[in-house]
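Okay, so chain A shows up in both of these, paired with chain B first and chain C after.
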Partner chain A sequence: MPGYLTISTTSPPDRDLYSVINFWAPRVMQNITGNFTIDTKLVGAFNASIQSGGILVWQDQNNFLRLERACRDGYQEILFIGTINGVFSVLWSSPETSNPGMIIKVSNINTIYLMLTRIGMTYSGYYSTNGLDWDFLANITMETPYSLMGGLYLVNRGPPEFSSTASAVSFDYFRISPAKVLPATIIVPDIYPTIQAAINAASAGDTIYVRNGTYYENVVVNKTISLIGENKNTTVVDRNIGIVLHEKHPMR
Partner chain B sequence: MISNFTFMNGEYGIYVDSADHVQVRDNNVINCAIGGGYWVAGIAVYSSRNVVISDNLVLGQKPYNAATSGIFLTENSDNCLVDSNNVSYFDSGIYLFSYSDSNIISNNIVSYNHHNNLAGGYAFNNTYFGNTEYGASLYGICFQGYDQYIGNNRFYHNNLARALSGWQILPGNGNIWDNGYPSGGNYWSDYQTRYSNATEIDGSDIWNTSYVIDANNTDRYPLMKPWTGHDVAITSVAPSKTVITEGDSMV
Partner chain C sequence: MLLAPFASSLKRGSALKKLASCILVAVLCVMFAPTFNFKQVKVGASNFIPNDGSTSSLPGFSDEFNSSTLDPRWTVIDPGGGV
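Take a look at the complex of A and B:
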């Protein structure tokens, strides 16, 4: 595929980035310092579990972040996962497995865009289908040094649990630029299933857009955000103790 | 900003707690203030400044829950704008309390609340204009009076209707009930039954006889017709200077 960086694994694969398995995933890495934004265009879908590829930020085996497209349990999805101080955690996962109500589905999309920004100790993951409109996924705090590694990778876990097929992923570009803060619009329930989850994930200045539906939750806003419903008659917060805004954090 | 939602069946609809510059616009708050109790409200503002509450529909429960308010500003909630809301079925419609001062309450329709439609307690220098209140069970307006405090709340261009109990208003202490002449005062639904001999002042749509609320409270320029204009709430003014030099002219 001319003009693309393709990373591939042969069969049987057994290439992972996971402390329980191994760290043998093929990757292309370089040094990065200070604050930065990495973005890439990823072409092609995975067709077997567990295969994934995307952006890797790497300090060491106990501290790294993966923002990726994946095929897991037969589903296509976007994952933002990390190992922080040796503890693995899913920072954000799209929809089809764990949150069937969420709307982002990548099954039928061949090309996706991923963006990962570091500002200080805060890492923010974004996803896009066109490279222009970015959906904010999650923030995570990871205490990393000024200098670390960033790059692209391919995971293909393989037998005995998973597929033994070969795999490949193509990246149209890999770009490191000065950190940029996107004024994020977080859509409920597409990105987060509840209003409160979206607020918890939001940063000052963000807008949370809530689609029509009835949300049975108590909502506390403690940061400067905008909270906008799709339609005031059909975007309903029911049985709430109340929208509570507090702690001297002004709303926009 | 919080906008474009329906909040329902909550102890509060929206509770702004110690947050400045919040805007609550264009929401429905339905069947909230459940359980009742002091401070429970459709929209409550606690110790916050420069809050804008506008274009909300705020409906309580039928029958009303005791001690609830539709919109409740308390504990030094100052310089807020409460504009163009529609508030019904609470114990109190719009209630300013506990040193919530210098707020503008404008262009609201407040109806069918139990104890009162518009209320104030230890609230000063607030301005009420363009509001329409009717259908209260006990009081259209209830401002608690305290001998040592001068309310200095100003009411003008409001449409004030007889409460179901008969005309009842508790005017408080030291409030102002008109905006001078020719701007005028308020429209009082029982004016003509009380002052059947009054006439108009020079085509001004203002009666020539003051509406006396009690010995210390008078609307000097009561309106002959219900107020239908839409006063603009000016919340800030940026002064500018126009310099006209010799040879220029103003067009």
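Take a look at the complex of A and C:
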């Protein structure tokens, strides 16, 4: 029988997992060893800043990763963030200005899927709207031991910086499976605002799908990828150099 | 020399008492170990509640959140607090 786990907080919350300042977010964790893939289905949206929930990979207070659905300044987004060696960093976000397509996509749905993989010291974040087709977000290298913790959490900030409301998030499942490398599809500008940024983030075998529009940039392809435009007449790279294709890296 | 067997007996008796104490403590620990019943877990100001809802899992996935008892692999962390 299907079910789901709901994590909720009452007001005033101020529950976060942020840098080395606030570790009061409620969470459920379990030990994970070696390489792995974690994926979950998150149901429901947040309605106040800063509220979020998702997958947590935890070594200690100075080293952890968060892959989450979040609400910030009134809009919905996907975030892949972490604290590495005590320094907070944004690995990937869908800011309102540079990724309007992503904002719209996430805002209009109630359910999203998140996936985080570990292969060696490399962690990769993915998200999906149907649990089958995964969009790659970012890689990050983090020096971590063989064994660490992984789980689910809810963040809900409160006064004095943010509004104080109760919050909840539901997870339909939590699955740990052997690590796998997904042939990712990176959508421009939804995931990355420029073609070059997408190429830089891509791994060999990935597909970069470029939506209609004119992209004012020089593009250098230095790895084996598929670069596909939405429409050959309306997807345009407008620069003097155009696309530079390195040998030994065939492009479809 | 005459006292030696008596002393040995004393040691055995002491060991048996210790063993009995250990067993009693172990039994008590099992009896009062925190059982995380997901349907009732409330730590600090947070709730962890599983529901037998109608949401669907992907085909072939086992869903562990429909259990009324938290799998022992899980650790609930809720530091509470707030500023």
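Note that in this section the second predicted complex is superposed on the first by the 229 of 252 C-alpha atoms of A that agree within 3 Å, B and C clash if a C-alpha of one lies under 4 Å from a C-alpha of the other, contacts with A are read in each partner's own complex, and residues count from 1 in each chain.
Please note the rule applied: a contact is a pair of C-beta atoms (placed from the backbone, for glycine too) under 8 Å apart; a residue touches a chain by one contact, two chains touch by 3 or more.
Small disclaimer: the values here were computed from a predicted structure and weren't measured.
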Query: What is the contact status of A:L227 with respect to chain B (first) and chain C (second): first, second, both, or neither?
result: first
Query: Given the touch rule stated above, what does A:A204 touch, chain B (first), chain C (second), both, or neither?
result: neither
Query: Between chain B (first) and chain C (second), which, if any, makes contact with A:G131: first, second, both or neither?
result: second
- request: Classify the contacts of A:V237 with the two partner chains as first (chain B alone), second (chain C alone), both, or neither.
  value: first
Message: With both complexes overlaid on chain A, does A:L5 touch chain B (first), chain C (second), both or neither?
response: second
- request: Kindly classify A:L154 by the partners it touches after superposition: chain B alone (first), chain C alone (second), both, or neither?
  value: second
Query: A:M121 contacts which: chain B (first), chain C (second), both, neither?
result: neither
- prompt: Which residues of chain A are in contact with chain B in one complex and with chain C in the other?
  reply: none
Field: Residues of chain C defined as touching chain A within the complex
entry: 38, 43-58, 61-67, 73-83
Message: Quick check: in the complex, which residue numbers of chain A touch chain C?
response: 1-10, 12-15, 22-24, 26-31, 41, 43, 131, 149, 151, 154, 158, 170-175
Query: chain A touches which residues of chain B in the complex?
result: 1-23, 26-28, 32, 44
Message: For the complex, give me every residue of chain A touching chain B.
response: 210, 218, 221, 226-252
